[in-house]
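Think of it as A, B and C in the order they're written, each chain with its own count starting at 1.
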C-alpha cells in the first residue's frame, strides 16, 4: 500500500494537469492580492503618515484580516477562485480513475497489488493533490497581503464592514484571535479542496466522458447555488444559512451566515457519496 | 492509384517522425511497411490519408498532391491504430453511418462486408460489447466495404485468432485482385512477406530497405 | 452533397442522440419558471407577460461597483442558462476528432467540410437549447394565462433580485432583441469561440475560458466583455452607461465569423492524431 501510495502521489503531483490547476488558482489568488493592495494598501499608509489619525478606529478595517482572499469581497479574482475551486482541484488527478479504467492500465496494477490498495492509494492521492492545489495559492495570497497590510485585530463593532457576524462560523475567534481564524479557514478550504477532487473522481464512475466528469462538481455547485438563492426568498431571513461550499468557504459572509453544522454535514455528504461510489463501483466491481 | 513520397519529412513539435522518405507505392500492388514500434509506419499511413501534412516534401497520389491539391485521397479506406466506433450503435449501424457519407453502397453491401470479416453473428450487438478481435474485424470491414482504390491497414492482424488472420489474408488478396492499392503494416514478417509485393523497412522515420519479391536492396 | 451528409451526421449524433442534455436544460428552465412563479406569488402579482418571464431569466445583474460590504450578487440563473450550454457542447468536437471522426473526415473529402459542419452543429445546438427553453416559457405563460407580449411590467424591477430596483421600468425600451436575440447570439459566439480554442487546448481549458468571460462580464460593465450584451440590465435601454444591442450584435457576429474562419484556416494544417 505504501509503495502504491507513493506511486500515485508522484503521478498526481508531477503531472501537467496539477500544474495547470495550481497555476490557475494561484493566478486568481495573486490577482486578488494585487487588487486589494491597490485598493486598501494606500489607506493604511495614509492614515499612518498622518499622526493626527494614529488612533483612528477605522484602522482595523484596512488590516490583513479583511484583505486576504478569504475575506475580501470586491475583486473578480476571489469569485473566480472560490467558484472555480471544484475545477482546479479536480484537474490534477480526479480524471485518473476513468482514464486508467478505459485504457486498461488498472489491470496491470491489480494483478500486482490488491485492488483495495490501489483504490485506497488513488483516492488518497486525489485528495492530497486537491488539497495542495488550494493550500499553495492561499498561502501565497496570505504572504503577499500580509507583507503590506498590517495585522490589526478586527473591531467587533464594525462587523457590518467586515461581514463576519455573530453566529457565523468561528466568528468569536475572528474578533479575539484572528490569526487562528484565518488558519482554520485555510484548513477548511484545504480540506474541501481534497473533497472536491474526490467528488470529481467519484463522478467519473457515472460519466464516461472525462471532461464532463471533472467539470461536473463545478456545474453542480452552480445549480445548487441557484437553487439556494431561488428558495431564499421563501425562507425567513433570520434562518438563512449558507449551504453551498463555494460560498461558505469564503471566510467572510457573502450572502448568508455560515454554520459549523452545515459545513460538517456537507463534508460528510461529499465524503460518503464519494466513498460509497468508489467502493461499490470500483473496489467491489469487476474489471473488464 | 500510385502513391509517391517525394523527400517527405514530418516533424511534430520537436520530433522528426518521418525523415526524408522517398518511396513509390505502385498501383494495384500490396506494399508492406515493416519496422519496430515507433518507427513511423502509422505516421506514413496518416500522411497518405491526409490526416497530417508533410513538413517538407510531398505525398502525391496519381499526380495530385495530398494536402495541397486535395485534402484527402478521393477513394480511401483505412484502419489505423485501434478502431474507433460509436459505443451506443451496433456494428451494422456504425458502418452505415460511415457509408452514408459517400452514399455509394447499399445496406446489402454493408451486410456483405460484415459477413466477409466474420461478424455476421455480432452485427446487431452494440459496439461497446465487442471483444478486441471483433472491434478489429469491424475496422477492417469499414476499410473495405466501399471498395476504395486505396486501402491502408495498420496492423490488421492485431488481436485476431488464426481464423481472423486467414480472413485478413483472404480479404487483402481479394482487394488486390480487384485492383486496389494496399498499404499494410504488420509485425508478423511471415504474413507481411506472404502478402506483400514489396516491403519497405522503416527505422526512426527513415526508409532503410526495400525487399522486392524475395530480393533485398538497401537504400 | 457530402457536406450535407456531414451536417446530417452531426445533427443526428450531436443533437438527437444527446437528447438527455436537452432534457436537463429543459428541466432547468422548468425549475426557473417555477421559481419565477413563486417569486410573483410572494409579491402578490397575478398578471405577467412573456417579456416579464424572459426578463427574469436573462436580466443578469446591473452594473456592479465593488464595495467592501457589498459582494457581487451573482446572477446564478443567467449564468447557468449560458454556462450549461457551453458545458454540454464543450467536448463534442474533440471527441469526434479523436474517435470515429477520423474515418468521417477522410470520407468528407475536404477538411473545411468537417469544420464547417461542426460550426453549423454548434450553432444549431445552441439554438436548440434556447428554443427549447423559450418553448417551455411559452407553455408556462399559456398555462398561467400570461400576456403574450414583450412588455415588461412595472413590478419586474422589484422581483428581479440582482439590482434592477434602481431603474424605473417606465423608462425601459426593451424588446425582442434584448430579450431573445442577444442571449442566443452571445451564447453562440462564446460557444463558437470555445470550440475554436479547443483546437489548441483541452476542452476543459476552453470551458474555463468561457467561464472567465462570463464571470468577468458580471464584474465589469464594458463593451469589450461579450457577456454584458447578454444581460438585459446592462442594456443601454435601461442603464445610461449600458451597452448597445447593435454593438453586441456586431461583436457577436464578428466573433462567430472570426472563430469559424480562424478555425478553418488553422484546421487546414491541423495534425489529426489520436488523442487520449
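Worth a mention:
Basically, a contact is a pair of C-beta atoms (placed from the backbone, for glycine too) under 8 Å apart; a residue touches a chain by one contact, two chains touch by 3 or more.
Predicted model, so just to flag it, every value in this text is computed and none were measured.
Contact topology of the protein chains: linear, an open path with no closing contact. Set against the C-alpha centre of subunit C, every other chain centre is closer than that of B. We define each chain's centre as the mean of its Cα atoms; on that basis subunit A and subunit C are separated by 28 Å.
Averaged C-alpha coordinates put the centre of subunit A at 50 Å from the centre of subunit B. The geometric centre of subunit B is 43 Å away from that of subunit C, both derived from CA atoms. Contact residues of subunit C toward subunit B in the complex are 1-2, 5-6, 8-9, 13, 17, 98-100, 102-112, 268-269, 271-274. For subunit C in complex with subunit A, the residues that touch the partner chain are 28, 31-32, 35, 38-39, 42, 66-74, 76-77, 79-80, 83-84, 87, 90-91, 95, 161, 202-205, 207-208, 211-212, 215-216, 218-220, 276.
Residues 12, 46, 49-53, 70-74, 76, 78, 80-82, 84-86, 88, 94, 97-98, 100-103, 142 of subunit B touch subunit C in their complex. Per the touch definition, subunit A reaches subunit C in the complex via residues 20, 24, 39, 61, 66, 72-76, 79-80, 83-84, 87, 91, 99, 103, 160-161, 163, 209, 211-212, 214-215, 218-219, 222-223, 225-227, 229-230, 233-234, 254-255.
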